[in-house]
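Below, each structure is written out as structure tokens.
Paired with subunit B in one complex and with subunit C in the other, subunit A is shared by the two complexes that follow.
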Partner chain A sequence: MALLERSRWYDMARSTNWTPTYVQEEDIFPPDMSDVFGLGMDVWDQYDEPYKVSFRDYVRVQREKDTAAYAVKEALSRSDYYDKAEPGWMTILKSHYGGVVTVEFASASTQARMGRFGKGGGMRNMGAFGSLDEIRHTQTQLVFAHEHLQRGRDPEQFAWAQYGNRTNNWVNLSVRHTFEDIEHTRCAAATAIMTSVFEVTFTNLQFIALAADATKAGDHVFAQLIQSIQSDEARHAQIGMEVMRLMIRAGRKAEVQKLVDISFWRNWRAFAALTGLAMDYYTPLERREHSFKEFMEEWVIAQFDRSLGDLGLERPWYWDIFLDELKWFHHGQHLGVWLLPNTVWWNPPAGVTPAERDWLEQQYPGWNETFGRCWDVITKNVLDGNREKIQLEIFPIICHMSNLAITGIPGDRFRVRDYYLDYEGRRYHFGSEVDRWIFLQEPARYKDYRNILDRYLDGTIQPPTNEGFLQYMALDEKSWGRDAHDYQWADKFPREHRTS
Partner chain B sequence: MSKAKGLRTWPHLAARRRRPSEYEIVSTNLHFRTMFEEYSELSPSIPMNRWYRKYVRESPLQHDDWDAFRDPDEVTYRTYTVMQDGQETYVDGLLDEHDELGHDRSLPDDWAATLARLYTPARFMLHAVQMASAYVVITAPSSTVTCCAAYQMSDALRWVARVAYRTSELADHHPGLGFGKNERSIWEQDPAWQGFRELSERALVAYDWGEAVVALNVVVKPAIDEAFLRQLPAAGRRHGDLLLGLLTDAQLRDSERSRRWTKAFVEFARQRAGNEEVLARWVEKWAPLGDRAIEAFTAALPESPEAGATAVRDARAFRSGLGFVS
Partner chain C sequence: MAADFPVAVAVQGDYETRLMMVEPETTMDELCAAVAPFVVGRFVPEHPDKTMRIRHQNRPELIPRDARVRDVLVPWDPVELLFV
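Now for the complex of A and B:
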């Protein structure tokens, strides 16, 4: 074929800025939608996306990828793997699908926002491809989740994949608040930067790392699905990296750093609650590749240092706080979810058999003296048949930023703190100094938010009872969670653990 | 866990007693930005929440259930890439074949000059369609409309790339005509383009989401179809340019898909009392701009005195096929 090389015409396909005269340029690119930093068109005209793709190549490559991914789906339909898969593994699938899939769909709009309001022609084109990618991710995962509906194993929990983020479940509220802040409510430039932090570092964690666990678990269907999805990320994740480069060259490094700092923390909290639990408690012990902390160090921290270090950015100011939290934060989240399983749409395993506790102690020295102390009490109550003592009766205090329970370190090294703030006559609660700092960067963005506890206390949730609470969170007996192993894990403890 | 009975499909599709298509499984009822009092959980006063309240929630175009809209073609990402991969292979074949035939070399100079004036600057216009489609992606209160707009946005990107490709080829064979150099200034200054440029710029700032769909899909794109994708290649065929018409016919395939979902959208919107007047008002506002764009462009076509009237008539025929009188 005597076709031209892409480089012969590529620049022209992204040289698409002109000087409008029938309307004002700032009507086409309102600062709030495009660029609140006020960089000139001369800066944006330099936008040069590192990963280039043509429409022609895009549709061919993506078609091939989908052929492979959907072939695996056919295998899923025929296989009985999922009829027999461990409850812990099924839990991971449900929590992933229910939290993630419609966030992907919303990201199609995030990418299209860059496709419309990005001031660089190349940025707009990459946003268009990115938008298609996110539709792909949504639709492929919906097909797979839909398969699970028909298998009869907690179908209502798999149905959360389609509507979960359309409910006021506390987990989905957390997901929405986080991703709306990062991806959906800022100008295209800021959105690009914050979304890139999310995609370059954290999606690697959920997708690549989980794929490794999935392969070990024998779930080749899920492994292949999410690896296929992640192969798209590298390209559109770069959109914001180039925005960062341009802004830093234009002398706006401090603004970029702040956006990176906010995005990294908000992502950290969300992924700790989602992936931390999956890796250290839900994945059956014999299938665990690494601990959550190890994966964070290998994928997130290393990737972050590489990508953002290359741009001349610093590690966020709170890095020591983050490194400390890596050791303990998600353990408290797991306790909270396990103690309130009827507030989530999956069945949480306890993950604290003697062998599992040994593993946890090995990975997180001091676990037994801290979180282990809570589990000692819980285990004893399970063994003694005191079920009423292992359900929380009240909802914990919720962080006004992450929307996660405010947790800390229990037991011998007790350290729990509400980083509260009194602002304009209202008290806000935060799970960390960093969450509070984020609020203070732009209080107007956050101050009117009412978290789920506020809604309980201000009468929004009716009736103001446990039943009303569960109804508000769209859960019922078919969809809410229960211990994944029906407490049989406690039988692994020797008899002397029991009271009588 | 004992195995209970499965669910046939998502709850919102289960009420109808038939199997859902893959399209319905993967495209329907997916937005959460429409489900709550405000667009997001962030404060109501932030610019983005205010934007959505003004341009989406408070649009004069209303419906009780935008989620019920369906793309008549039921395009999914998977079928889109299969379809367009095939179409791009076809277009690659056209380009390759015509290159081997020495097509561009044998184009008369006057026609090559027409292409430099009336064809290659179109990348700006088509990119404006790409951007305007992206706006519908981000504002539509239904995931099914968002998906239609996303594939439409991608179609536009496809043709910007092909025009860029042709620009480079034509520059090789007709140096000295400004291919690859003059397009922006022609787009900005040549009288032939000022109708389309004005139409594009105004459509880009039609921020009410319903007006954005109507302006783009009922007026702008059909005007481009008639003037640029039909009348220009008709003139081309009289000047020995066979490739242009083959390319624009391929592009019209994408346009026809847009027309089909546009028709479905208009019919769907009409279900709600009051929308008919809103839609008609918008069409009445934008149609004259579309006609002016067609006229300015076609006036520059060589030996084509009928082109303008034909294109205006055919754009109007599309609108009247949708039930509009303007």
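Now for the complex of A and C:
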């Protein structure tokens, strides 16, 4: 029997809205879950998703993607690439799997929220496919990560892929706080918008730009895996883009802009700490395609302008602050992680040999007289054998929004600021004016959260010792990190760098 | 007396702001002496020819060296430790 072309039946088949007579509309679509903005059904009936996919087509394409990814994995399974890969590259894999995979699983719920509570028929259809996508992403990445458990190269660190996001590790707390805010605790309309910002721009970094580095590093398995995922993210992004179009047409541009501004910043912080370190410090120097800043300019800033600018949205009010931070924020985060390697599940490379420092100075003019000043002292201590001096023994202040250490610019251009706020008798600390602004947009959403430092000080973490702290974060001697090159990088400096 | 007065200290040249728990009676000189071993010579160079002084973040004037924490700061105040 001949099949009708999809274009001849799709619009009608997915138009599943009707006028309820036995219950109220808000019983089917509670505003808190569906649409706190109160757009009428006449508006939602105009929802017209650019990607139109039938279940038959969806399954066929996804099967092809899985086949391609698993074929590469199978073909290279007997290769000894991972047994010989650069420590820095293995670190990227560990941080990606442990930080990202279970976020993908949680995103199945995000998409399902749009699939159930979206008020446009097409939105629900796309959300349902999105939920299936996220389950596929989770399963595929768990399988690919699981292979490392049998290879004998830090299997306890690769195991974080399976459970990382359910721990109280500070990295995972930061990731959860971000994604619970933008993906899991708002109505379907707001969720769609905030998720789109993430998928239109930032996932490009982790899934396309990093894939370029993976290919250059010779890791074709990982490159194939993350490219397979990114092809779905582009479709997800369209769910929220259409919501934005509808809301802007309905005169709700200000609300859209605010959600975009919040989401963009929260993503910036998360990806700077994750992808920024991977690109500028962990990827072996000779394998780097571009700097993090260059990738951000190409994949995030340009894409943001193209996609959101086309809708008539403005760049966020804090754009100048963001462009300034692009030059320095992740460098401070890298220092913090490298100095506390036993609080993460990967082995951070220092990434500051003389050649790497030249590269950093070239990419980030002024690096040597800022971050380089701290590394000068650290390097000297490494060369002098003063290992006790390359440990952090007092806590950094932790931002109550990003959950990252409050860092700034060190060295000759010293500028480190705690943007604090006294609210209802409690002092909150923020890493930037923007983090504080986000808090003030909806204090009730954030005010009761206790970050890892609060938990240490209020007695939640027991015993209140270093051991208790690491145990609380689910780390032990087998899983916690250490310098990826066992400090041998420092030997590349001339002897005059030593004190003795 | 318990060291239960939190101060957020950014040492000049350092890359992050750090939590220091001190006693309310602590003077500014004592606060400098308490923080320095954790930062100076570790992440910022030593400045043997200079004096360590404290000032409020965002304020130009230095706090007197003998001023006590309880008199010039509130808990969790961010301060800068400068080499002058």
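As a convention for this text, the second predicted complex is superposed on the first by the 498 of 500 C-alpha atoms of A that agree within 3 Å, B and C clash if a C-alpha of one lies under 4 Å from a C-alpha of the other, contacts with A are read in each partner's own complex, and residues count from 1 in each chain.
Here is the rule we go by: contacts are C-beta pairs under 8 Å (C-beta built on N, C-alpha and C of every residue); 3 or more make two chains touch, one makes a residue touch a chain.
Given the structure is predicted, the values throughout are model-derived calculations rather than measurements.
Chemist: With the two structures laid over each other on chain A, which partner does A:Ile394 touch: subunit B (first), subunit C (second), both, or neither?
Modeler: In the superposition, A:Ile394 contacts subunit C only.
Chemist: One more residue to check, A:Gly336. First (subunit B), second (subunit C), both or neither?
Modeler: second
Chemist: Look at A:Met33 in the shared chain and tell me whether it touches subunit B only, subunit C only, both, or neither; answer first, second, both or neither.
Modeler: Only subunit B; A:Met33 stays clear of subunit C.
Chemist: Does subunit A have more residues touched by subunit B or by subunit C?
Modeler: B
Chemist: Taking the superposition on A as described, I'd like to know which of subunit B and subunit C A:Tyr281 touches: first, second, both or neither.
Modeler: neither
Chemist: Look at A:Thr407 in the shared chain and tell me whether it touches subunit B only, subunit C only, both, or neither; answer first, second, both or neither.
Modeler: second
Chemist: Just which bits of subunit A does subunit B share with subunit C as contact spots?
Modeler: Correct list for subunit A: none, the interfaces share no residue.
Chemist: Any idea which subunit C residues touch subunit A in the complex?
Modeler: Against subunit A, subunit C makes touches at 6, 8, 10, 12-20, 35, 38, 41-45, 57-58, 75-76, 78, 80.
Chemist: Hey, which residues of subunit B end up touching subunit A in the complex?
Modeler: 1, 3-12, 22, 25-27, 29-33, 35-36, 39-49, 51, 76-78, 80-82, 84-85, 88, 91-92, 95-96, 99-100, 123-124, 127, 130-132, 134-135, 137-138, 143, 146-147, 150, 153-154, 157-158, 160-161, 164-165, 167-169, 180, 184, 187-188, 197-198, 201-202, 204-205
Chemist: Over in the complex, which subunit A residues touch subunit B? Could you list them?
Modeler: Against subunit B, subunit A makes touches at 1-4, 8-10, 12-13, 15-16, 18-23, 27-28, 32-33, 54-56, 58-60, 62-63, 66, 70, 83, 87, 102, 105-106, 108-109, 112-113, 115-116, 121, 124-125, 127-129, 131-132, 135-136, 138-140, 142-143, 146, 149-156, 159, 162-163, 165-166, 168, 173, 176-177, 180-181, 184-186, 347, 444-449.
Chemist: Considering only the defined contacts, which subunit A positions touch subunit C in the complex?
Modeler: Residue list for subunit A touching subunit C: 331-332, 335-336, 339, 371, 373-374, 376-378, 381, 389-390, 392-397, 405-412, 414, 416-418, 420, 427, 429, 453, 457.
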